[in-house]
């Protein structure tokens, strides 16, 4: 039994709960992993990150199941300090819970466990903000369902950034990344007019889905329209309208809202999509809104991200959102 | 002799002429191929697509000859419904005629057959709009030449989107993707001042070509200038001026007008080029203009399109143009 | 109503049933597609190709669902003439039936339809040899199951080329590309000692699976062992032993048996695998064996095949097998 | 001894000093290499290009040492004529001096030689404008140091385009691509308030560096802020303020200021960065400013530039700068 | 303070020292990380893995510094069971010590710390076998130096697999990946005739280095020669000769010994190199030899390993070596 | 007028004719370029390299026109010393003549100039061995034609390494990379039975071409057959037979003879091809044969060579051939 003899090795990861300090931590040094066999002081936690490595439910083949780990690996390229707003998010206590277990072939089992993870998060530490990293867009339906289950009385609104309506018929294909919003509406978990989808465009939605959206009173603002009105203005208006109508706003970012040119790492990305800087501003605004209480980020496929830019964009989206959230919570926390 | 026993197989392609219906067809299910050995009811056709797989005439090595097939394969990612304008183009009857035969080494023979294909289209079904998919830019000269041959009395104008003038001297290099506009002017098929080139920029044209353009009264608006005036305004002005001067406007989109960053799949693309959304709007406007009667799309090289985004951009250009065309023809057709 | 006016276009695909002839057809011109709405003279067919685009059941993310189309597109690089053996396979009548319909999320439904496709093939045209193109390895269990269903009295043997045993427990993960052989054994469709697996190697199988293989009397010959004995000798010995024991030999080629270096286009490929020329010889021998009556080819992922070599290798495997089959049927057929 | 017998071979490179002429030269035909063993008429030279192939000092692994040659190879895609401004830069006499020798392991030796190269340029032909192509950003400190050494009385200002402050502590890591500006300030070569950094943004700088920047009175304008004020206006204001304060403005372009989406070929590039057309305008303005007397371009890694677009962007930056410089010097020179 | 509430999350990593069990662990579940702040029972450890992320000393640009992490990430594709030899290496206790700290610019400091790490390993737990993962080949000199420092009386032999001699002159370039063997000879740490280099070939060594090798009595067997004699025979002969002469054999595998075709992920790899299966056998033999007491694996660059095959080959080399080592130590340990 | 002041810059290229010396030159320092305006002492030259950048005549799209430059850039990775044979080829005087001028569209003109280049080489310095770097295989016909023109009395034999016969009908497609051998036979420049093609295999030749080969008495040995007899033995036998029949043997290496797995950088490469080490030995033997007097190397496309391995293989082929040539000429020259 010896004490540790290796001063010339890189030090072990920084741990809050051991009282270590680190100068200028990077994001991977700031976000803490959880050791399942130690006691956690949940009351000190602000945000919980949940990996949801499911992409078997994706319509087109996707390795989005590898995104939670890819996002974690890319944290090292970022500091938890936002120069644009001079906001230091390092005071937020963010814990990475790890990944929801996935069954190899049974999507129903996977979905049940995703719902269950949200239920437990809401029950065990309801003051934390859950931030889920997909996986494909089918997970959103399960996460919102979990929220509803623990807060049955709440009216929930959805702020969605997406190229698609995601209003395909669940009966035809089962629960895919094309159906989450329809599933939520048809299950009476949310009302159609509490959905605000910003960014659909082009030739990527069947006309019948647009007709379904209209009938269900889903609010959608095409990217073209949003740019004419100002994207920030459009997002703020959606947040304001939702804030008047609902108890909780859930933000879901389908990364296929982004243009395929600069953001190729999404299987369903397409030309004519959103710029990354537009999206960063949009989620920053969402982070600031009082009623926003959960967020997810879906549909990146790291295998298609040849240059690493799309995964880094995913990290930036998450941090831009947390910048707004930090501002809402107050500078000194 | 048995009837077909396979209900568990994917159904055969949708065919208008057999009266099948399909819900929410995608573009590859909507555009029909032609069976050369059946009779065609040409009077019901609105648009004919012609593949022109020639890139042996390209100055830099290019696999643009593989683009017609690459474009066709990418159709499956698109619906014939434009959400931005709420316009359903599915009522347009679009037929894919297949590819012009190409000789393996003799560019003259290839070029003659391209001209001939346009002549036959104009003679056999003059009410259809030809939409050619290259191949490199040398094909434009041959297609316009074919048009002129069948309409010798017509004044033809060209609306060109291009990083280059394409005014190199045919005598030096033969008919390449650098020479089509000069060939048309020097052959008296079009007049220099009936050419409107929107988008040239940067360091990609020799000064002598700019001097030739000036002497030939070619109208060109650099991308910088077009952005200052508004790209839509610039395009509309060009269409209006041409409409006053000519009988037929031919639209030619050299995809190298696009910026190399988001659109790397073009051998001669360069930094500082057009954004894809700018081009989509521009060709939509062109599609709406009454005198626009033919279009081509050239110079994509699918081998350079690592992420598939540039080929998809090509499909979007074609569909944005058809959106305008649909609007011109009337919503109900 | 006009007759077809386009002599300068490429001709339509060659069709046997219309009596056309083509000099030196390539493989895509030789293999015929089936028009579901015309009557087929099944008695003239030798081989039926079945696409099985399922990879949702793959343990690691895979786009093997895109392989049937990728294989078809690569046919154009091959002639149906094998120079190595001076054997012309062009006389074989090969029909491509198209793809089995796949449900978007329900793997059970997909699997049922795969089994059903085999059943119908056996019932409708039992004299043809089915050649299935996956998809992932889970399809093999379903195809063999279909065969057994129509030939319940038959003893079936499996000649498998694979890096893995594919003997994982179906109860744990459901039917994946890691379980097909175990599923077949545990369902009493085949006996363990009627399985001959040639090629497993290295560190890619859990020890417990090797122990299961031993207990179930599965015959396996590691690549190292096979090379010492001679791969051809090993394959021939397996064929001979099986021929003495079973009525029908089903050949299944998991392309992950190949070395990852030259054959990167398989998600589970690994270093130390088989060379392509070894595999070509092996399946040629299999094609010659009288009792071999069906074959499949699985687990290529065209998205990982950066240079196109692995998809081409897949085509070569299929053609090498057919060379042996042609030789068995007789030169003049 | 024969004279040269090969008229059918491509001619040797164009040489001014041999009186050859070439019609419409491309950039590689216009910029001259220097033959070390012939006498040079320095008085006729306007600009000297210096390759600085050092990237061993880069924090993240980088092949920026291969950039000088990659830039030179990409010259052939450009003409020395700027269509946007109708300015012909072909009259500028530009000489490529070749590369500074680099030691394989000793960064100090490399750095000394870079400084020495600047010293000799200033002493031997002080009327020429040095344009250095890195290499990583550590070279800037050495080049400015060399300038200061030959002009000890001069006040030097820095116009920097960068995602980062480059104000890391030299004592911790040694002279890296994260430290050049701090080194220059702490060595009293420049004053903090004579640095103008345009473009930092996002989560890519530790908060402590921002605090150092503030304490050192470094001027920085985030990209967001610059866009709100107008990038051109911001650049011009920085040039004007510097022109009032200093004798010489040194322009340093860290290509990581660009957005990773369209410009992936920089190891430290990130989402949310500058557009290429914004940078082209910015350096054009810098080239026009009377006090701008040297420029460098750093941190491209050609191995990360899969499509070649980032290297081409580097060439465009250099030519846009020279367009401004040509305009400053007068059209006819 | 709550206990951990998340049964639906993936379990935490398997830890021996907590008595957990895992069925069929993969390599990443079997190799343990070390928590620097807990006491370690060194006496139970068989093998210590040391990451050495240094590639700043590489002659050509290399990201070999990212290899230790890349190798660790690839462990999940392997089981610690070697089917070829039916040897279960799971009983070996392997601990990953983490990475040696690297200075950003000072290679001397990096090198000192590498030597120091070996010294501490030898002093603290001399019964364990060190297995170092580079980094570039310069680290070998430092590791062997550390061994010599703690065992000054020992005669050390080197078994090297390499395309190059690595006998360049340290005085010219400093300590690079071209100099380690010469450094060791000239520092009298090893004798030239105790070096056996198997695999050099082709046009990749200057003639003067061959002459130096001859003068220093370095034993080298070209790949061609080794193949004629049998690679296994050649390796065994080298091991036998060394075993008679030295106390300790250090095995160093420069992965550039492999052929560039199947193993492109090494900056200096070249055509005509070794096959991966040849190398796997060779290191297995080395692992079995009693006097082999340390090993390293160098020069992979994960950024050049487009398909992941070369990193996987690196893992396979390490596991093949450990298979031999397990066999030497005895099946039951 | 100053003398050159830059000792800290890299020195200019080494020149024999200026008497400079360089220690351990690499291949790019050893092969000399020719300055067209200086007198050349042809009598001192052993080998002349000729770039033939033509790929417009390739059946499938190819950038083989960029190969001469790609080969030249890869020289820096090689030393002119062959360790396998301990042969120093540095004493051979090799001059790079540069590239044959190519017309942009007229293949006939290109071909005439290639023939002319060979004629002038034979007339001006008939004692040198021409080594041509294509370009596609169509150039071989033109080079051999040029040889015949200057040596009308000579019987010429061809030693061809190729996957294909290259016996397609010139009348159908014109002179392509599929026709050179047929062209030479039908033009009576060579006799069919003086062609030895080693390496054709698989499904890559139409049966009719095999029939043509038989009728024309072309000697071909499939790869399978050659491996059974020994590749070296097969090559030597072909050389011996040719040596008895002809005056001059021309060696043509179509790099598509190589397997696509490790050598993807050839448009028409295919699975089941030759290994690189087999080819290196084969051309070494050819280099040694007294009657071998010219060589070419064709059909690499550097754009398809993602990892650079195929271009490096091309350089190795050239150097292996020169090793044999050096041995023939005598060690001391």
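Going by the order they are written in, the chains are A, B, C, D, E and F; count residues from 1 in each one.
Keep this in mind: a residue touches a chain if its C-beta (ideal position, glycine included) is under 8 Å from a C-beta of that chain, and two chains touch if they have at least 3 such contacts.
These figures come from a predicted structure and were not determined experimentally.
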Set of chains adjacent to chain A and to chain F:
B, C, D, E
Quick one: chain A and chain B, Cα centre-to-centre, how many Å?
40
Counting only residues that touch at least two other chains, what does the list for chain A look like?
261-262, 304, 306
Please list, in label order, each pair of chains that touches.
A-B, A-C, A-D, A-E, B-C, B-D, B-F, C-E, C-F, D-E, D-F, E-F
Chain F-facing residues of chain D, complex:
1-6, 8-12, 18, 34-42, 97-101, 113, 116-117, 120, 123-124
For chain A, which residues count as touching chain C in their complex?
55-57, 59, 61-63, 65-66, 103-107, 172-176, 303-304
Flag every residue of chain A that touches chain B in the complex, lowest number first.
200-210, 222-224, 259-262, 264, 269-272, 304, 306
Can you tell me which positions in chain F touch chain E when the two form their complex?
23-24, 27, 77-84, 86, 88, 90, 261-263, 276-277, 280, 306-309, 312-313, 316, 319
